[in-house]
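What follows is chain A paired twice: with chain B in the first complex and chain C in the second.
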Partner chain A sequence: MIRVELSKLLRSRRTWTTIALIDALPTLVGVLLAVTDLGPRPGEGPAFLSAVLTDGTLFPLAALAIVLPLFLPIAVSVTAGEAIAGEAAAGTLRYVLVRPVGRLRLLVAKLVAAMAFVVLTVLVVAATAYVVGVALLGDQSVQVVGSTSVSGTSLSTPELVGRTFLALGYAMLCMLGVAAIALFLSTVASSSLGAALGTMSIFVGSSLLLTLDASEAIRDYLPTRYWLAFVDLFRDPILWRDLQAGVILQVAYVAVFFAAAWANFATKDVTD
Partner chain B sequence: MTSLRRWCVVAVVAAVVVAAPLLPRLVPASASDVTAAELLSRVQASGDQAYSGYVETDGAVQLAVGDDFSDLAELFGDRLRLRVWWQDEDAWRVNRLLLSGEEDLVHDGERTTSYDYERARAVTSRDPDIRLPRTSDLVPPSMGRITTDGADADEVSRLPARRIAGVSAPGLRLEPASGQTTIDHVDLWADEETGLALRVEVYAGSSAPVLTTVFEEFSAAGPEPDQVADTWSGQVERDFDDTVDLADAANQYAPFRVPRRVAGLERRTAGTGAVGVYGTGVTRLIAVPLREGDADDLRESLLGSPAAVATDTGTLLAVGPVSVFLTSEGFSYVLAGTVTDETLLRAAEDIVAGVRLRGRFE
Partner chain C sequence: MSRDTAIRTQGLTKYFGRFEAVSDLSLDVREGDVYGFLGANGSGKTTTVRMLLGLVLATSGEIEVLGRPMPRSGREVLPHVGSMIEGPAAYAHLSGRANLTLFDAMAPRSRRTGRKDRVEETLDRVGLGGVDERPVKNYSLGMRQRLGLAAALLRKPRLLVLDEPTNGLDPQGIRDIRALLLELNADGTTVFVSSHLLAEIEQLCTRVGVLDRGRMVVQEELAVLRAPTGRILLGTPDPDAAIAQLDRLGRSVEQHDGRRLAVRAADAAELNAELVRAGIGVDELSVERRSLEDVVLAATSAGNDTFARPPRAVQDAS
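Showing the complex of A and B:
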């Protein structure tokens, strides 16, 4: 069943259109930076964007910081929100469930497909950004080996590559949390649009609450609390505190919302 | 499994993940029989104790002091995340963690280097006699020493111990005897053995602290030598600056000499500089001369606040525990500190009356 869902995902024109649209923004930013040579002022703009003018190999991280707060979670919400509600709205859910597979396996297959979408999107964005960064950005007159950590020390190329892949993996895990919420709402809502909007309202609300002092007591439980902690991978030494908390938080969200999806969907009457 | 049982499973999973982070807080702190006077002396003498950790500060002082002092407004009005490695007073590193970068201070003997990731620049300066507050002053051990500086045993009392960053820390309350300060009291909790303050809360009349600084992670083990060393990569632009900040620049180059005593408070530093820091502990003020253009900008910023008061001799703004006064007669001096308005106005009068030209201007 997982193979079927992955095949559907990869053959869908919408999948590739969505990925292309997400990829377009950081690419456009990279081209504009290269043409104008104007980076954001210190303290402004996404992480690493001010650094890419001197070190183009950091552009995959800047691209991640550009898409992670909004565009990627929107795409994941739409994709995962459609998992069950979309099938129901299209009238195909009944036929899917006729097959001799359990509903739990169907949910697992849907979550794996959503995760595959995240992995594909992140890798495409990172690969495109690397090409744009190396080809267009950076100070081409300076030949240096490695990069500079956020703390100002040297990072060798293997260290930079290793930490970049860790950052990509961390971003994927954060999006798995979004997918789990969307999957649950997809079992509740009658339309995929409702599930997607419900998921988006949760992470927009979470981002808003993080700015309020009054939400201090619950901020460590908010789903977006540690999304940008991947920057801590590039400090020296690595600051694991928020990364560890972020991993635990996302695993908890996946556990709770996947369990809720299972609890709701296992005996749900399916009439569509 | 019935629907009810499935939802019970979900409820149990949710309860476990919500409760798990709270469990460490339930571990009680060990009682301590250290006296308040003994704990005070350990806190005051903790400058050369090694430690490292992760600190969060939360300031509620909204200073409307313009661009020249914007760093100060951030220090006392924002939430900061700091990483600190402290070998002793001569070797330490304090990193201010930003969402998209880092601003670090590395201290080595008589030099301090400030590094800014987003500017890819490290600027080294010699340590000045007088400077404005910086992030290294906000880490709990430093803040503990600053606030208890000059405090007597009869101003402190014990508070129950609290568990902070896994350490059972006896508490201390400082209630300053001086009637000249705006600080009502300071509560701090310190490591009993080393005297390092682990949490400091500064109160100025309300039930909520105006400044809190606390270790979220703490280790009494000293840092590795490379963690307090100058290890910038070759891509970082290096520079040297004669001055650390506006107060240092004014102290070195402004042609004035401030009086030794204002409003009954003694000057803390020797020498004949143009800047004066007066008082001890939480009864403390600084007087800095400004150029006309800078003074005009600051006056405009101060008057932009509804709480600002224009007097015959200058402009006064009291924001929570911090009072700021900018003189308008004679030389332009800005005075700021955790002192009462009356003390600040008296100090301004003494500055205006007592400031002298120095060197070749005499």
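Showing the complex of A and C:
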């Protein structure tokens, strides 16, 4: 079933359109930076963006930092929100279940497909950003070896590659959290739009609450609390505290919402 | 009558909230049957079909499909069941071929070897063998219906459960499907068809169950339901003379409508001979049988999608 879901994902024109649109923003940012040479000052604007003018190879990270807070979660909400509700609305859910595809197996396959979408998007974004970064940016670079960490020290290339993969993994875990929430809502809502919007409102609401001093007591449990903690991977030494908390929090969100999705879907009457 | 049962339910009941959609239903479908499941729209047919396939969970009662309990044994049973429930559905942006390939791949333990042949063979079977690669969203209603049937036939099921299979088909399409179902049945497939089209069931089925407001009101062999009523219908150019002659012979004429008479008699040939001997022409002669429509209308109440306001006293009591 997982293979079937993946093949559906890859064959859908919408998948590729979405990825292209997501990819367009960081590319545009890269081109603008290259043309104007006007970077944000260090500490302002999206993470890493101030560094890319001196080192184009950092642009993939900057691109991810641009995409992660908003675009990627929206795309994941839409993809995972469609998982069950979309099949139900198209009428194909009943035919999938009588093949038979077990309900738990279907949920797992849908979650895997959503993650495959994230991986695909992240890879495309990172690859395009690398090309853009190397080709257009970093021409002011006077550096000989390695890149600059956020803390100002130098990072060797293997170190940088390793940390980049860790960062990608962390970002994907955050998106898995979003996908789990969307999947649960998809088993509850009768329209995929409802599930997607519900998920988006959860992380928009969470981001809003994070800016509020009054929400101090619950902020460490909000789903978006540690989303951007992957920046800490590029400090020297790595600042693990927020990353660890973020991993635990996301794993908890995935577990709770996936369990809820299964509990709801396992005994649901499929009447569409 | 010692054939194995294909579908058996006992006391099957389903509530949606406080609404009782299916009530104490006992289905009995045997292997080799072409079973017609009749009922007006909203009488609970589709809910029953969905319960048989494990899509809707029964509130109470037992279901056995191909000798195994459902929905518990769905993994073993459903691969042998092909179904079409409330119209076909497919992934609209993909071609019919791609859809069948996906559906084939979904089934547990489905093998990749021979998948292409299975798909092509099934497409041929439903008359879509020559279809191009256009996406399903550009299919006509009839083509979708055929594709849905193809998806049901993909794994050569022992039991076919079809809900309104001829919906949206033109007369030729209906004839094609009927011929296909009879051919499959001749090869040993049990066919369970639900429909509100009496004529369709009458031409296809060997056994009939009639559902009314969630309850089974009739379940019988079609041949028994359609047994002769004991009357002969005849047409004659000279009805008055015929009535007089029949009176003389002591036969009772029960209906008289212009030049057509309904006469109580067992043997049409004998009746014909009597009249002809008396010089009375007979140009129409048939044994009267109850039509399925008569049976169903006698057994069911008003349509299930009419909701007449109950008298106020009753409303207060409930």
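Methods note: the second predicted complex is superposed on the first by the 267 of 272 C-alpha atoms of A that agree within 3 Å, B and C clash if a C-alpha of one lies under 4 Å from a C-alpha of the other, contacts with A are read in each partner's own complex, and residues count from 1 in each chain.
The definition used in the following text is that contacts are C-beta pairs under 8 Å (C-beta built on N, C-alpha and C of every residue); 3 or more make two chains touch, one makes a residue touch a chain.
Just so it is clear, the model here is predicted, and its values are computed rather than measured.
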Partners on chain A (chain B, chain C) - clash or fit: fit
Touched partner set for A:Val31, first chain B, second chain C, both or neither: neither
Touching partner for A:Leu10 - first (chain B), second (chain C), both, neither: neither
Partner chain(s) touched by A:Ala135 [first = chain B, second = chain C, both, neither]: neither
Touched partner set for A:Thr267, first chain B, second chain C, both or neither: both
Chain B versus chain C as contact partner of A:Leu104, first or second or both or neither: neither
Contacts of A:Val161 with chain B and chain C, given as first, second, both or neither: neither
Chain A: partner with more touched residues, chain B or chain C: B
Which superposed partner A:Pro46 touches (first chain B, second chain C, both, neither): first
Minimum C-alpha separation between chain B and chain C after superposing on chain A, in Å: 12
Chain A residues contacted in one complex by chain B, in the other by chain C: 267
Complex contacts: residues of chain A adjacent to chain B: 42-43, 45-51, 54-55, 65, 142, 144, 146-155, 220-221, 228, 231-232, 235, 237, 239, 241, 252, 255-256, 259-260, 262-263, 266-267
List of chain B residues in touch with chain A within their complex: 1, 3, 6-7, 9-10, 13-14, 17-18, 21, 54, 83, 95, 97-102, 104, 115-120, 122, 216-217, 227, 231-236
Contact footprint of chain C on chain A as seen in their complex: 1, 3-4, 7-8, 11-13, 90-92, 94-102, 267, 269-271
For the chain C and chain A complex, residues of the former touching the latter: 16, 47, 50, 53-57, 74-75, 78-79, 81, 83, 85-94, 98, 102-103, 105-108, 151
